[in-house]
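What follows are several structures.
Two complexes, one shared chain (subunit A), two partners (subunit B, subunit C).
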Partner chain A sequence: MSLSDCEDLDVSKLAKNVLPPLLLLVAFLSTWESVVWLLKIPAITLPPPSRIALAAYKNADELVIATGYTALASTCGLLCSVVIGVVMAAIFSQAAIIRRSFFPYAIFLQTVPIVAVAPLLLHWFGNGFQTIVMIVIIISLFPIIVNVTYGMVSVDRQLVNLFQLNRASRWQIFFKLQLPNSVPLLISATKTSAGLAVIGAIVGEFFAGLSTPLSGLGYFIMKSLEYKIDAMMAAVIASALLGNAMFTVISFIESKILARFGQVQSNVFQ
Partner chain B sequence: MPATATRTISAEAVSKSFDDDQVVKEVSFTVNAGEFVSIVGPSGCGKSTLLRMIAGLEEPTTGALEVDRGTSESNLSFVFQDPTLLPWRNVRNNVALPIELRGTLNSQDQETIDDAIQRVGLTDLDKSKLPHMLSGGMRMRVSIARALVTQPKLLLLDEPFAAVDDVLRQQLNEELLKLWQQAGCEQPAFSAVFVTHNIAEAVFLSQRILVMGANPGRLLADIKVPFDYPRDSAIRTKPEFTELAADVLKRLRGS
Partner chain C sequence: MYFNNTSRYLFFLATVAISMLLTSCGGRQPNDDNNENGLTKIRLQINWFPEHEHGGFYAAKAKGYFAEEGLDVEIIPGGPKVNGVQEVVSRRVDFAIANADQILLGRAQQANVVGLMSPIQDSPRCIMVHKSSGISKFEELKGITISLSGGKPFVAYLTKKGFLQDAQLVPFLGGIRRFLEEKDFAQQGYVFSEPIQATTHGSDPVALMVSDTGFNPYTGLLFTHGDTIRDNPELVEKVVRASVRGWKDFLADPSETNKVILQVNEDLDEVTLTKGVAALVPLCLPNDMPADQIGKMTIERWQQLHDQLIEIEMLEESLDVKNAFTIDFLPPATP
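Now for the complex of A and B:
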């Protein structure tokens, strides 16, 4: 295959992956715009895309800072979740009895309605960044614990035998076998949790993001609730883009790591 | 009795049950130092369980099983049915694993590792490859190199070539015999117990064949293979070879 063939392939691949969603977006936005104008829907109910774009431009400085603040809170919380999740999975992986005893409480993390706990956390930890991060941790921890525990426990029995035959210690089995075995699952769980982390940060900011020197998208949305629907929608779009960006970054890391394991990234949408 | 001094394995009425299910029933046999013994039998005859007991991965329910573990730390190696490599480690680091688990790697070990890789027919280029970049046959070679890197006195193999095609299987059989015979040495490099369900493979490789039957797993026959080493592929077409293979088959069917 010559170099030009490769380039042709890339261009056609780009066209295949980027063009259809882009066209769909243009069609969607123009329909929205025309429907709003034709039916004379008041901007306070549903602003047209052009007004949202204008609001985004006017509030650009504040939006950028808010997005950065939310990105920081979700990233900090997500990193804490990864560390706490791996440590907890390491403990869970040691014995079935530990897993059986703790698992119902781990599920609690998954089922507890975050909006119900948020005021309680606000009461305990006060207004500010630390409480937002705490909410992010609660919402993003569960997928990591479950997947990493599974990765550590589901080690090939023959590999365990191999380690035993070479008189490996429990430490060696953990660090040289169970931990690396769980890495692909850790990455895919982190990808799932990244989206949850952004949700957690925004919910956290609803409750605990007020009157701090800097504030995030959640606070921006709350603040815009009164008569600034166009700015609010700009913030909603910014938060969606943020979730997307985090997902993309982790997907990139995932593809690099999975290549090392000889696995292919599963993506049904491409 | 000088014979017992060179005995590597001696099994006396060894039985194994999982719950109420008896998989191995009163099996008795011996393997002398340097001997190449195959165990053939249908699936479910307990041959793999027997091998796992020899390795110390399972305990016999009743009976006595003595395996000479010698004085050396690295007495016994096991080659599994699958290559069983760590997917995130390259060839060299996979082969280094047993030494690494037993202590820290020193410069002399590096030579031992390179030597083991070379002996199974892998090149310098292969050393840095990850397992998923290799073919099934190559992965099995890595697995054998890893088993040999500790210079074991007893090599246990559990249907290692079951997943490769027949041509490659024959080639790997010949290479395994070369590794066992150790060019230029009087004594074989190790004793070998080779579990398989392929009769021709067992006849080609071994000095003795233990034939096992199923339900429950028991020993049906202990057959001597009288052919001299080194054996090459020409032996497979000789009438004595086919006759012996037919005899083994008859014993297997007799169960």
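Now for the complex of A and C:
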């Protein structure tokens, strides 16, 4: 059996995809652990991975609830962003003059320093879930507006002509041509926004989080920062994993939807 | 030269490992430099923006007590994100100010920090409520929003004692603006700062002292690294001696030092500072404690704090509190 035959087998495919990152992880963790041990770095400066794992285990209940809360806030905010973003893109796509008038202001969403605005939102809307979701929306909306608008206006001119020849109404052109054309871009923008949404939720919890009855990872990170750096790092890892999980879920949805649209997704990382 | 994929990968891993090793080294050795006057340069990290809480240290600098010991002390202002224990452990500063609970919790995270003197005997920590709320004791903290630093031990203690179960807790973001605006709002504070500011702004604050509930860590405590005590006890003795002199001076007559504090902290006004010092003095010298005992610490109080931290599960394992502080450097008049 030649080497190329081997590569067709699932096992070797798995090894090819899973082994390199796994090996890197093991190398990274063992270097970290031994550096901390060799240089006698105190845990308050840099806890070793073993200590972080232990802290994660000890705080498992609280971490799971906090991750769930943050997941809920970022998902709610992201869904709102998708709805608001698509509606805004639909308006933008209607005329170049609308785009030219509104787009400079849409850029505000991208450039606004969220940490500076968060206290203001807190002042207006109070502590709690609603303010956190609002911060998520602000931070995750822009990629969706830009990409979906592009998807709606970059429709093949000839197809538009064809629709018009057949006396299609403006609504028909929008729903049967522009909207479907923007779906792949909507999904890839949502992937970008998913990571941002988790960041937004955590920033939101820094400012507007509640301690009771439920609190998220941001609140957990803030309260562990000073005295339990190992637990705090466990929460940082949990937030990174949450961002990853959201990305994966959207990729899964993407593969299902794009298959329907007859498009093949490319993954450069495989 | 030919590399196959595997060796390239291993080379990459080795590069990652080496760069991690290199970046983790470094740091400043304490007091290894002298200035042009032959004074030993020392960096002292305070735990907040300069205020009366640090008065004695500013007095020791302003009145030349540090200089008389051959020291040139740079007092570095702190703030909400400055962690003195972290600064001392990473050797960016030689001495710092913290509260006793931070010392014990730092030691639980392998930080070799040791308390040297505690100018503030009774904790100034309070929950500031509006008088109009009718709340006058911890048992009555119900149906209001309280802004607190979630991870702090006093919050865990009050929670454990059941005082916070009927209140809505929100993160503490500093300042008193929201307190001034909302009647059903309470917040953490230091009795010699926030309630005085609130009164100045025409509000009606009442301070519920956390120390009345039994949680009373030494505050504004001077500490250093255990290695500094081992390697340079003379230096530690000089810093402590000058600091105690500074504190005696400040508590007896703060007027000159206050001018210095107002210079370095432009956000502080004279009225708040003057009233603040008046509220600070009884915390430094409680129960007619003689001024020559300034800075004293007892093992009983360290042990009590330790046991409370165990009780609220902030400390997971017992520590030997004898290692967390030393009174060896306090001047003889202060047993």
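The working rule: the second predicted complex is superposed on the first by the 260 of 270 C-alpha atoms of A that agree within 3 Å, B and C clash if a C-alpha of one lies under 4 Å from a C-alpha of the other, contacts with A are read in each partner's own complex, and residues count from 1 in each chain.
As a working rule, a residue touches a chain if its C-beta (ideal position, glycine included) is under 8 Å from a C-beta of that chain, and two chains touch if they have at least 3 such contacts.
Everything numeric in this text was worked out from a predicted model, so none of it was measured.
Asks: For the three-chain model obtained by superposing on subunit A, do subunit B and subunit C clash or fit?
Replies: fit
Asks: For A:108, is the partner it touches subunit B (first), subunit C (second), both, or none of the two (neither)?
Replies: Neither: A:108 stays clear of subunit B and subunit C.
Asks: Is A:27 contacted by the first partner subunit B, the second partner subunit C, both or neither?
Replies: Once the two structures are laid over each other on A, A:27 reaches subunit C alone.
Asks: Thinking of the overlay built on chain A, is A:252 touched by subunit B (first), by subunit C (second), by both, or by neither?
Replies: neither
Asks: Figure out whether A:180 sits in contact with subunit B (first) or subunit C (second), or with both, or with neither.
Replies: Once the two structures are laid over each other on A, A:180 reaches subunit B alone.
Asks: When the two structures are laid over each other on chain A, which of subunit B and subunit C touches more residues of subunit A?
Replies: Residues of subunit A touched, subunit B against subunit C: more for C.
Asks: Could you tell me the angle at the CA centre of subunit A between the CA centres of subunit B and subunit C, given to the nearest 10 degrees?
Replies: Computed angle, apex subunit A: 160 degrees.
Asks: Quick one: is A:206 in contact with subunit B, with subunit C, with both, or with neither? Answer first, second, both or neither.
Replies: A:206: touches subunit C, not subunit B.
Asks: Check whether A:57 is in contact with subunit B, with subunit C, with both or with neither, and answer first, second, both or neither.
Replies: Touch partners of A:57: none, neither subunit B nor subunit C.
Asks: A:167 contacts which: subunit B (first), subunit C (second), both, neither?
Replies: Once the two structures are laid over each other on A, A:167 reaches subunit B alone.
Asks: Minimum CA distance, subunit B versus subunit C, superposed model, integer angstrom?
Replies: 37
Asks: List the residues on subunit A that touch subunit C in their complex, please.
Replies: Per the touch definition, subunit A meets subunit C at residues 20, 23-24, 27-28, 31-32, 35, 39, 41-47, 58, 119, 122-123, 127, 206-212, 219, 222-230.
Asks: Name, in rising order, each residue of subunit A that touches subunit B in their complex.
Replies: Per the stated touch rule, the residues are 156, 158-159, 161-168, 172, 176-177, 180, 183, 260-262.
Asks: If we count contacts the way the header does, which residues on subunit B are in touch with subunit A in the complex?
Replies: For this pair, the touching residues of subunit B are 52, 55-57, 76-78, 80-82, 84, 86-88, 97-98, 100-102, 130-133, 150.
Asks: Applying the document's contact rule, which stretches of subunit C touch subunit A when the two form their complex?
Replies: Touching subunit A from subunit C are residues 9, 13, 16-17, 20-21, 24-25, 83, 85-86, 89-90, 102, 105-106, 109-112, 145, 148-153, 168-171, 173, 178, 314, 316.
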